[in-house]
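The structures come next, written out as structure tokens.
In what comes next, subunit A is part of two complexes: it sits with subunit B in the first one and with subunit C in the second one.
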Partner chain A sequence: MTKTLLTIVIISIMILFFSKISYSVEPEEFLQNPKQEIRARDISKNIRCLVCQNQSIDDSSAPLAKDLRALIRMKVQENNSDEEIYKFLTDRYGDFILLKPPFKINTFLLWSLPFIFLIIGIFILFVHNKKSKKIS
Partner chain B sequence: MKKKILIFPFITFLFILIVFFYLLVIERDPSELPSVLIDKKIPTFEAESLLNKKKFISKNEFGNETTLVNFFATWCGPCRDEHVYLKRLSNEKGLKIIGVNYKDDSNKTVEWLKELGNPYSDVIVDSKGLIGIDWGVYGIPETYIVNSKGIIKYRLVGSITKKNYNAFYSKIKKSED
Partner chain C sequence: MIMVPSLGNFSLWLALCFAIFQFVISCKKNNQSTLYLNRIAVNGLLLCAFLSFLSLMYSYLVSDFSVANVFQNSHTTKPLLYKIAAVWGNHEGSMLLWILVLAIFNYFIFKLYNKTNSIFISKTLETQAFVTIGFLLFTLLTSNPFERIIPVPTNGLGFNPILQDPALAIHPPLLYIGYVGFSAAFSFSVSAMSIESIEKVPWYNYMKPFVLAAWAFLTIGIAFGSIWAYYELGWGGWWFWDPVENASLMPWLLGTALIHSLVTVEKKKMLQKWVLLLAILAFLLSVIGTFLVRSGILTSVHTFALDPARGIYILVFIGILGTYSLILFATSTKKNFEKNYVSFLSREGSILINNIIMIVVCSSVFLGTIYPLIIEAFSNNKISVGEPYYNSTVIPIMIPAILVMGVGPLLSWKKIDVKKIFWKTLPSIVLTIIVITIFLWIYQSYNPLGIIGIILSCWIISNIIFTQNNIPKFSKSMVMAHLGIGLLILGITGSSVWQKEKILRMKVNDEIIIHNYNIIFKEIKEVVEKNYIALQGNFWVYNKKNNIITKLHPENRFYPVTNNSTTEASIHTNLLRDLYIVLGDGNQKDGWVVRVYYNPLVVWIWIGAFVIFLGGLFSININLKILKRLSL
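So, the complex of A and B:
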């Protein structure tokens, strides 16, 4: 009895965790061509909703997010490349609209500092290790 | 020697603390985004005019005098609040205000302008919000200051209020420098 109960609980937890988070894309927004739809979805996932800021426009139900989704789908149908679509958006809203900031001079520290700290950390460990070995 | 080294993390921590505290105390809205269009030419566009029968062509309308471009809608509460300040600004000489009616019902807008008065030299219809996207609008009301050369000099996100009116007014004056 307890075993089946436990199984049910575990399965429901698994379903809860592994199921996709619900998206805000409404059925009437879907494109007929599934390949184009997937491309539009992939782009939308990288675009920040400027109203709710920590959500992508794929997740957000803000009106602006809906407009941007429609715009991206329109551009996908017009056979614009991904780069062209990203450029169109960053020209108007800046790099902030990309959820992943590009590697540029002003984002150099953002991207490189973790690696610099990692190297410093390894260096400190190395030196410390050597010292403690000497003492022993 | 060893103790001296220990002071470094402490100083770093204190420094970070001071920076965070400073950012907390100063008056700043972290959700407000700077416009990438500042110091750039205005986007070119053509659109329906709400009040005139002829088409609005951006090339013919900008570049003679300082122009405010105000994105507004009747469904937007803060737009109503700032209307009185727009009217005050419309009395300024050498200043033109163009309204962009963002995703709105045209009939309601006409009624709205009748009721509150019309500070705009022209009102453009942006029923799908596509002109808004071209200007990088993300939440109305937004007001752009365009100088007489057709260059965007400033963007105000949110309404013009009693509090920010003077600062906004001086930004208009400075836009021609």
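So, the complex of A and C:
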């Protein structure tokens, strides 16, 4: 008797909590056309889940991410180009939604500093090389 | 035994006294009595830190909920292993572990003390004591793990079950050996810069085993974190460019640069100042990493601003360490560190290239991690920096580094004969071409990144195979670490370029085919364990010939104590691929969402990391022998 009771309790707990579990993109969301689906997924992988930490909407289980995935798929089906879709999203949510920040004034250092370091490094390398030749 | 937490608290304060004592006596002129007093300080510090650590562990083991830290992070139903791991699974406890590791390294530095190096080691111990005082005060004032609560709660709040995992249990101690190991490098560097007659002391030989230890343990620590993310997060991936991951990657990159340029200093006395600067930066980045992870600033700049005490303390501490060491660096340039110029085509040239590339990669990881915080703090905008940024900045810069890595160990110091090197590497060039041709012929996969990855991996490994006999015995550990990198690249390439994914809804008895494997969903059942209940799927995997290969059991777990759910991926691994299944939500009628991944070559990532780690350990051993010979 206690065992059956326990099972009932466990199952009801499970139904309560497991129903909430969902991981990222779900099979029902997929588009019929595989080419369109691949495009939609590639775009969603570059779009940030706004309510998560460091997750793309493709990886996220948040309802907002699900809505955005549906939105992107709708836009893809309507034959919008990638640029149009990205523009549509940034117009509404700002650059925050892009996982790859666009090259702008406020991201100038982010994109250029590594390359400036690289150029400085190459410069140092050449100076060293030249001076070492002189010495030898 | 109600006294144990108080004892822990007391010994932590006592540890502070010993650290201050060590700092004061190390500042003084050296004589026999300072050695004696230093011994007391070093041993006392180690003993107190250890005692304090044990007290907290004891409180966890007996579930002493009068300790706030235990109450917040443990529960009576928790398995023993995770009660132990819970000690460092939270902020306060992990600072205690940090202090213990500091005290251990402090002890090892003291062990190097002898007549010839007394001034140098003294100065190092002084800096080390200063760092220890900083962390002790931080722990005691802002994050004391021994704070009590009254009345004593009957049970604890539990511990996030996603963190209850063997890989994650040993992940923090390994990482901390890494971070704290760089504190020794920092102290040696400060000491070398502030001593008058440093030419007489081979400071680089002292620094090297510590850097190697830090780097090797950081490598394996990062690998364990990755393994955990791979099977626990359920996305089939193993690296997410998460700021927390980046915090450990940055010191690793600088550590890699440091190890290589230390060899140049050791062999040719070149790049001395550069190495001193790198040692400082590697430790500062370790502390900055701790600041990022521990201050809560990553979640949001604004939550950080609400409770900034911890963050500001660490920032000020970083400021003091940074300002002091960098000013010292700037003013000590007049000193007689020999000036040498590195020619491009030489062993030291290849090491300089390695260093430049590591710095560039590190700067891009650093910028990607802190740039969003800076933008948010100083403007109304917010930006995100995610995987696509890192992929487009890190990968192209890393490729030349790995090409150079293949040939670097074959080059001689000072100057090389280009023709000779060409003949030496010809067999590996030929083998690489053969392998890539066969590969393209069999698999017909023309993904450019995939091809580049295979070429790089093959280039490194074949160079190692063909030059085995030319490599001197003491360089074998380096060869081993390089081999590990070769294997690592193979694994990274395979799993990121040729991963296959199927997401679908399955009912019991449904089948799915992924890369020549036929997977049948046999049943779903409930599993009840001590601290969780789970829904478990049963999947039978058949190969092409319809032979059963394995049965996989992915789970959805629910932990009632903390009210968390987790997914447990079920993975079948062999040397060529992983089969990876995650169970999602669903019900009997509509079926369950199932995600199946075919991940080629993943296991080589872990093997590679382990081989690198072993190479590091062997190298520590060799360098300790060199150090022993020095002190004779």
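Here is the rule we use: the second predicted complex is superposed on the first by the 96 of 136 C-alpha atoms of A that agree within 3 Å, B and C clash if a C-alpha of one lies under 4 Å from a C-alpha of the other, contacts with A are read in each partner's own complex, and residues count from 1 in each chain.
FYI, a residue touches a chain if its C-beta (ideal position, glycine included) is under 8 Å from a C-beta of that chain, and two chains touch if they have at least 3 such contacts.
Bear in mind the structure is a predicted one, so any value in this text is a computation, not a measurement.
Comparing subunit B with subunit C, the partner in contact with more residues of subunit A is C. Contact with subunit B, but none with subunit C, is seen for A:92 once the two complexes are overlaid on the shared chain.
In the superposed model, A:68 makes contact with subunit B only, not with subunit C.
Contacts of A:53 after superposition: both subunit B and subunit C are touched. In the superposed pair of complexes, A:26 makes contact with subunit C only, with no contact to subunit B.
Of the residues of subunit A, those at positions 53, 94, 96 touch subunit B in one of the two structures and subunit C in the other. Only residues 50-51, 53, 63-64, 67-68, 71, 90-94, 96 of subunit A touch subunit B when the two sit together in their complex. Per the touch definition, subunit A reaches subunit C in the complex via residues 7, 10-11, 13-14, 17-28, 30, 45-46, 48, 53-54, 56, 59, 94-101, 106-107, 109-111, 113-114, 117-118, 121-122, 124-126, 128-129, 131-133, 135-136.
Subunit C makes touch with subunit A in their complex at residues 234-235, 240-243, 298-299, 340-344, 349, 352-353, 356-357, 359-361, 363-364, 367-368, 371, 375, 379, 381-389, 392-393, 397, 415, 503-505, 526, 528, 533, 535, 556, 558, 560, 563, 565, 567, 582, 584-585, 593, 595. For subunit B in complex with subunit A, the touching residues are 31, 33-37, 103, 128-130, 132-136, 138-139.
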